[in-house]
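Each of the two complexes below includes subunit A, the first together with subunit B, the second together with subunit C.
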Partner chain A sequence: MSRGFGLGRPGPRASAGVVWAVFRARLKIITRYKGAVFLESIIPVIFAGLPILLGAAVAGGEQNAANNFFAYTGTTGRTAADFRLYMLMGSNTFMVVTLMLWLIGYWVRREQETGTLEALYLTPAKRFHVLAGVTSYTFIRALIAFLVATVLGALLFNVNPLEGNFLAAVAYLVLGIPALWGISFFFGALVMRIKEANSVIQLLQWVLAFAMGVYFPVTVFPFLLRVVAMGFPPTLMNDAIRSTLLGIASIYGPWYVVLGLMLIAAWLVPLLGYEFFGWTERRVKRDQGVGQF
Partner chain B sequence: MAEPIIRAEGLSKTFLSKERKKGEKKRKKEVHALKSVDLEVLDGEVFGLLGPNGAGKTTLIKILTTLLLPTGGSAWVNGYSITKEEDEVRASIGCMLMGDRGLYWKLTGRENLDYFGALYHVPRPDRAKQIEHLIALLKLDDFIDRTVETYSSGQRMIVAFAKSLVNDAPILFLDEPTVTMDVPTARELRRIVKDLNDHGKTILYTTHLMHEAEELCDRVAIIDHGEIIALGTPRELKDSLGHEDVVSLEGIFPDATVSRLRAVPGVLEVAVSAEDDGRSKLDVMVENSRAMLPRIIEAVTGQGSTVEEIRPKEITLEDVFVAKTGRTLAVDTRVVGEKAVRGRGG
Partner chain C sequence: MARKTLLEYSRYPVAFGALFAQIFLIILLFVLTTVAFAGGDQRTISRFAGAMGYGFVVNIILSFTLWEIGFSIREEQVRGTLESLYLSPANKFSNLVSRIFAVLSITVLMCLGGLAVVSAVAGGLPVNNVGLGLLALLLTTSGFLGLGFVFAGITIKLKETAQILVNGLQFFFMIFCAMFYPFLALPSFVVDDISRWIPISYCVDLFRQTLLGQQPELGVSYAVEWVIVLAFGIVSPLVGYWIYHRIERKARTDGTLGEY
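Let's turn to the complex of A and B:
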């Protein structure tokens, strides 16, 4: 008689197979919603347009808006194009951050509702490998959206991100992603526990936009709020990308400090988030089970 | 003799639920879903778990499949502890617990099988062979390459069943697998289950359909209010009623009729199941149906009763449940369990 194929303790090949299967399934599913990836790339362009137009209207011209903005915030950019690029990169990074949170949160919620979360927990696949598959997908999707939005924004706002160190900015984006994964694990665990994604996303989205300084450097905050905001990994990532592209000083200090902080965040935050996810999962299994929705 | 492949010792589960009564503060209430359950399922048998909604079947299955942690007791599946060797337990089982749920609607049936095969660590070449085998076995080729969102409920059920077989595990947990299937498909599925069992798979099968349990199961446990109240082969369970007979009545019966019936000497138990249009079915358990029939007719006629059908019938597993609990399996334990239990013995 057959005793099955399943292995409780899989080798590296089988584990890689789990990561690949989850990643591929997520990609297949999103591509079957026509135009979803392209449409979400337009959002940051619209979001960047709002403060640019408002700034021009309030200051009486775009250059005036740029002068006032850089003078008041103590940043070193000068031209109207710098001002536009500053807003575009803030919006782009904000989209990447919210995408990461949304995708994990909605993934957990959707799997709960359709019963596939319970089906996942019935398999011997390790939580780490399943989450690695999902986060690889969110990374690719966020990266595509970032690049498409940057190209679209550059064309629409007549800015050239390649004048700055674009590759270094993308490298900072990639380095900032693990910390976002960590936060998204916290978020996913919260959704698993409270069985609701929308209200949490709505709230966090705007807290996040405020705290990470989408349209301004967080140096304009009062001291205490500034310290809290600067300790938030998306703020660090946003600042690193913007300062690299615009060639302006980072609010965190020289580049090696920024890099060091990003490395620490990339290691520490996912570790804490993963532990929190595991802790919540055990609690849910003790209380009512992962299948209850 | 076959060895136990699933073993539970003193398994219990207590949930804390919040109770909110009008005008009162929220209170936490303990719900004992399982009460010290001992169970052994032997290697190679089809083991049936019977009971009404809310009896504890799903809780027991969820604990044995590692989806829930027990409050007390221990259990082993395929020799592995459900709390200490969860991955080994999961690798040893195939499950269909959620009916037609648990599939990705934007993927095709084949993509779903491949996906879950990978999550069970089935090597790619074996996976492809196993999927082809399942497509042929379950006759899925007409729709397996369409996305699940286009399937009928019965087609989703059969793909969900295929998913439980994708890792070819030695133990299968099937929770009401035929519930939304049409009659021929359900019959075919039962045939396949029997065939899988003939090839050595151990199957834990929950159902509320007595004929399914009688047709498929080597042994049956009846569970009610979180406790196993009867266990044995279907024959043993039916024989345990001794010389009791059942007289089945259908029609419209006022509440007083049941009380009058219970008061008739020689009536052992009366179980009531209500239908939507005000009609009821009464199963009256008696020592000798032939001798008791006139007295039963006398007790139910008049005073607003309308008898549409009356017939003695063979003892079934449902009658075993009725004899043990005073209720039919169609009755939801959570809703009217207390009332039905109070009604026992008049």
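Let's turn to the complex of A and C:
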């Protein structure tokens, strides 16, 4: 801290300390709820299992389901294992997206409810550093969920993600995270504004599931909806991961187009999200204050 | 208490609307997935959409019963009003049931809307024996109330962890009681070793097959399914409330009711 009464501003070391303190606090809290961590790792496997079971029952066999599915969606995958991995990766990516949005939105809500959000605003710490702490925590948690779910799903569905380029898929996942942070800032702002946002976040989760093509590629949508869905960063991330692992053609084009789009999203979306968060925050502070919930 | 719950809902209209929309989206996602698997066979689509739609009705009632009772107790804990509520002379049973009254009324509307969506996407749903189907649903709801009471008790005891348990059980029931697909979608050993031992499976099967006008899938006659569902509907709330009462009493004796 420098200077005197009321003018104190945290220096770089103190700012890093803020990020670390928030990150550590969130991790410490979640270690109290090991069941939650376990559950978020098996939910994607369950989500993948539902369409696999459903498909086998509807089409009268898994290979038939895979054939019908790939023919209907115009995807290049062929075997039942491709079909299982397609569903597993869609569900895992969906879980990552959901976690990122949910954890940041829920963090704002929890701070509101416990009455600590206003106190947080009175500290000299910059909001950016507090958010950096929370987002770092969400990143670690989402990555753990993704990896554990992939291992569990691979064992349960008898698929081998390592046959494809798994490291490149994880790299795409990591590259997609900043864009998710950006979207989660939008979510955080929404929660701050409308308060009881559990239902809204849950709704948006399912909108996301639709838009990012968790169970089928967005190419099955009508033109306008497809364009909107394809402009959505989680769709891009999901498609990049699937196409890398399964060796299928990306709906966006060659790999360098996918990579370029992901870099743009990783740069642009967090900036827009953070700006929106700041704008909403100022409005809330001006209107009724951040303490109300 | 029911009025208070409705009042709370009315204070968050966006959340309320989002809840409606969310339900429709989930159904739509699964119905569209079915369409992708069916290879254009309209009869298969309609049959599976029916199984999915009616299973969804049971699922949504179960979810809301488990969540609403347990979660509202949790909210009272977090807000610090649970202890004071228990110091009031209000009847404890009414206090619990009233929490679910409002949400169940709303659920009925959601179910109707959800079925309309499925029907629209799948090109019509088979509807048979509506009266019997509603009776089966009524008994099922009564049975779920018992589970809700147990979870209210568990929430008092386990606090935050109870929500994870509810979440986990919701998925467990969703999969093993075949709520979003017919039982034939499950491997036979799962049906034999797990599904058949869960009364909720019979609730799903009875309600669904009655409305679809088909034979039960769980390998027993309609009469046996009716007996199981009737017993579940009567015994479950009694046992559930007894368990809740015991946990609540212990928490009050230990002085941990208000802790969260």
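Convention: the second predicted complex is superposed on the first by the 286 of 293 C-alpha atoms of A that agree within 3 Å, B and C clash if a C-alpha of one lies under 4 Å from a C-alpha of the other, contacts with A are read in each partner's own complex, and residues count from 1 in each chain.
In this section, contacts are C-beta pairs under 8 Å (C-beta built on N, C-alpha and C of every residue); 3 or more make two chains touch, one makes a residue touch a chain.
All values derive from a computational prediction rather than experimental measurement.
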- [ ] Kindly classify A:L50 by the partners it touches after superposition: subunit B alone (first), subunit C alone (second), both, or neither?
- [x] second
Which of subunit B and subunit C A:T76 touches, first, second, both or neither: neither
Quick check for you: in the superposed arrangement, does A:N158 touch first (subunit B), second (subunit C), both or neither? neither
Practice task
Considering only touches as defined above, state whether A:G115 meets subunit B (first), subunit C (second), both or neither.
Solution key: first
Practice problem: Check whether A:D287 is in contact with subunit B, with subunit C, with both or with neither, and answer first, second, both or neither. | Solution: first
The shared contact residues of subunit A with subunit B and subunit C are 32-33, 114
In their shared complex, subunit B is touched by residues of subunit A numbered 1-10, 14, 17-18, 20-22, 25, 28-29, 32-33, 114-116, 118-126, 130, 282, 285-291
As the complex stands, subunit C meets subunit A at residues 11-12, 14-16, 18-19, 21-22, 25-26, 28-30, 32-39, 44, 48, 78, 160-161, 164-165, 167-168, 171, 174-175, 180-182, 184-186
Note: in the complex, subunit A contacts subunit C through residues 32-33, 35-36, 39, 43, 46, 49-51, 53-59, 64-65, 67-69, 71-73, 113-114, 194-200, 202-203, 205-207, 209-210, 214-216, 220
Subunit B contacts subunit A in the complex at 15-16, 62, 65-69, 80, 85, 87-95, 97-98, 101-107, 111, 114-116, 118-124, 126-127, 130, 147, 163, 167-170, 199-201
